[in-house]
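A quick write-up on the structure given underneath.
First chain written, first letter: the chains are A, B, C, D, E and F, and each begins at residue 1.
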Amino acid sequence: MATLHTVNKSPFATQSLLSCLAHAKAGDTVLMIEDGVYGASAGTGLAEAVAGLGGGVTLAVLAPDLKARGIDAARLMDGVKSVDYAGFVDLAATHDRTQSWL
Amino acid sequence: MKFGIVVNEGPYTHQASDTAYNFAKAALAGGHDISRVFFYHDGVNVGTRLSIPPQDDRQIQEQWTALAKEHDLDLVICIAAAQRRGLLDENEATRQGKDANNIADGFRISGLGQLIEMGIQADRTVTFGD
Amino acid sequence: MSETVKKFLYVNRKAPYGTIYAQESLEVVLIGAAFDQDVSMAFLDDGVFQLTKGQDTKEIGLKNFSPTFRALGDFEVTKLYVEKESLAERGLTLEDLQNIEYEDEDDDWAEKPSIRLVSRAEMADVMADQDVILSF
Amino acid sequence: MKFGIVVNEGPYTHQASDTAYNFAKAALAGGHDISRVFFYHDGVNVGTRLSIPPQDDRQIQEQWTALAKEHDLDLVICIAAAQRRGLLDENEATRQGKDANNIADGFRISGLGQLIEMGIQADRTVTFGD
Amino acid sequence: MATLHTVNKSPFATQSLLSCLAHAKAGDTVLMIEDGVYGASAGTGLAEAVAGLGGGVTLAVLAPDLKARGIDAARLMDGVKSVDYAGFVDLAATHDRTQSWL
Amino acid sequence: MSETVKKFLYVNRKAPYGTIYAQESLEVVLIGAAFDQDVSMAFLDDGVFQLTKGQDTKEIGLKNFSPTFRALGDFEVTKLYVEKESLAERGLTLEDLQNIEYEDEDDDWAEKPSIRLVSRAEMADVMADQDVILSF
């Protein structure tokens, strides 16, 4: 019984990603979309907090949004899974519910 | 699998309606069903037929209308949210004494109950917003 | 009864009045009550500000919708989960929130508090126990 | 003193247009002038005459129209932002081949140059947004 | 040559207030409006950061927004000035420019 | 010349594409260039993300407006202040941003960088030196 969480805000601008990670449970997936994809980069002032909170949680990022913003996939934190829209649909289907952190 | 989709933000200003559209397209391409798309809050503004984006930009309303035609989708605009924001169909305009309406082809206006019903009927409900 | 009963959770993370989400969330909850589902509401992050008492919107010209929370019990919406950590970070206690009650039909209509203070971990459990999560 | 006011968000969803209205009213009551109010981004949606809020709520567009009448205010809606979002006057509707228009009394549609001009002419420019 | 800064977001949700305070100069005024008024309360997890960054800067709050949200004026941090819409107009007139931290 | 010349600053604090503000800000700047005012742009907080190179929006279906930044020089918009601290917090350096240049008519049309890296304190000075500040 796992949840797919989506986060569409930059973690540098709002608290949504941190709040989401603080409520996600082991087995859940947190998918960063839209401006949320900035949370998936290594080497930022927030990367440690994101990696630290994500224990037991799968981190994923929507690749089309990453490309749009000019972020090279090589910048992603270790273990972040990259999906396209079809992959987003699969994640929504294979988790029991979706929660949007707006 | 049957998806229900909620769109909470208007077109162009937020990416939410674009992401919802790309998600819906991918779900249909993947063989899933979409039981309904419910437009709430500023999302109701997606359904105006009066939008004229620049030539080199996407026409968000027309994308939804075309997708709905192709896959027989049920695009529902929340009536309470729509009234506040000035989105009307012909019936509502007549009933309310307004001299114009602006709803686009393929969308229909109905109550919030349709959102709950969608949540009950769909296997998964996914929300796109701000 | 063959009708599906699903667990619906309405998640409120935004402050009232600056944006309309809190108010339109409440409108869904009231309509949704007619569908006989298992309804809960979650208040965390800035969503806890929605429940403060003494709201008076006269000078800003917006409608004060906060009294509606006290009517939720009449619609059998009786589970309002409020996160302790969110309150504490904002310098709030239960005392600062409205007194929201419902009459328990299984207990001789005794008046009981609708607000259930939960820890962040308990809130995560509430969220993980739902069929449909609507976020505002 | 001459104020220029920018409104960047639509009605009801964000408080920005309400705060701008209350600011404008207070400025006029204080003996100041308002050289122009410029509606940009979703702010253009403030100018629709098709809005029907609940009876016990304020009617934001009518508040602006009334204030403009009383004080001869210049309420300008950005044409580029308005076209994207489906806010049209009669001329634009005809020119673009649209079968309806929805702009309210007291508002006019014009270009972004009006925003810059307002910034030049006003003593102070104040922005309300999200 | 002072600036009136306005902040309309809750500091618990976004970084706007902290960014504003980090850019405000001595002699400036930071006026918290709409959901921004939550930044003016004492006894919160952010009050110290707000008070600390505001050196030489006058903090003010729009009272109608405070009342709307049920925050008693007694909760305000020391030294926060309370104004109504007319006071907001006065602040805009007596400062050389207004900057909105949206 | 008796016409007023004012200092206009366009403040960009938001990421591109998630919301339209970055794009519509650029539209104002281009129109505003015709008014012969003293124009500057400020990029801080998430606004620095607007300037990254390699943006490719094909898959999300939105228009890629980032090439427009390179055309600003032709409109005599040549002062793009970018905050160092904002870049650093986001793990970015000048290398990650587009190369934006203008031709300096006072220096034999030499190509010069439009981006001016400034500290937070210097950004505060830039802001305090303006007549009109438009925020997006």
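FYI, contacts are C-beta pairs under 8 Å (C-beta built on N, C-alpha and C of every residue); 3 or more make two chains touch, one makes a residue touch a chain.
For clarity, every value in this text was computed on a predicted model and none was experimentally measured.
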item	value
Fewest hops from chain B to chain D - one hop per pair of touching chains	1
Touching chain E and also chain F, the following chains	A, D
Of D-F and C-E, whichever chain pair has more C-beta contact pairs	C-E
Degree value of the rotation bringing chain A onto chain E, based on Cα positions, nearest 5	180
Maximum centroid distance from chain B, chain identifier (CA atoms)	E
Far-end chain from chain D, centres as C-alpha averages	A
Geometric centre distance via CA averages, chain B-chain A, whole Å	26
Geometric centre distance via CA averages, chain F-chain B, whole Å	35
Length of the line joining the C-alpha centres of chain B and chain C, rounded to whole Å	27
Inter-centroid spacing, chain F versus chain C (mean Cα positions, whole Å)	43
Touching two or more other chains - residues of chain F	17-21, 45, 60, 62, 131-133, 135-136
Shared interface positions of chain D, touching two or more other chains	8, 12-13, 15, 19, 22, 41, 54, 57, 80, 125, 127, 129-130
Multi-chain contact sites of chain A, meaning residues that touch two or more partners	8, 12-13, 15, 34-35, 64, 84-85, 97-98, 100, 102
Each pair of chains that touches, named by its two labels	A-B, A-C, A-E, A-F, B-C, B-D, B-F, C-D, C-E, D-E, D-F, E-F
Residues of chain F touching chain A in the complex	14-19, 45-46, 49, 52-60, 62, 64, 66, 88-91, 96
Parts of chain E lying in touch with chain A, wherever the complex brings them together	12-15
Chain C residues within the chain B interface of the complex	4, 6, 8, 20-21, 24, 27-28, 31-32, 34-35, 37, 131-136
Chain B residues touching chain C - in the complex, by the definition given at the top	6, 8, 40-41, 80-81, 111-113, 115-117, 119-120, 125, 127, 129
Touching residues on chain B, where the partner in the complex is chain F	12-15, 18-19, 21-22, 54, 56-58, 130
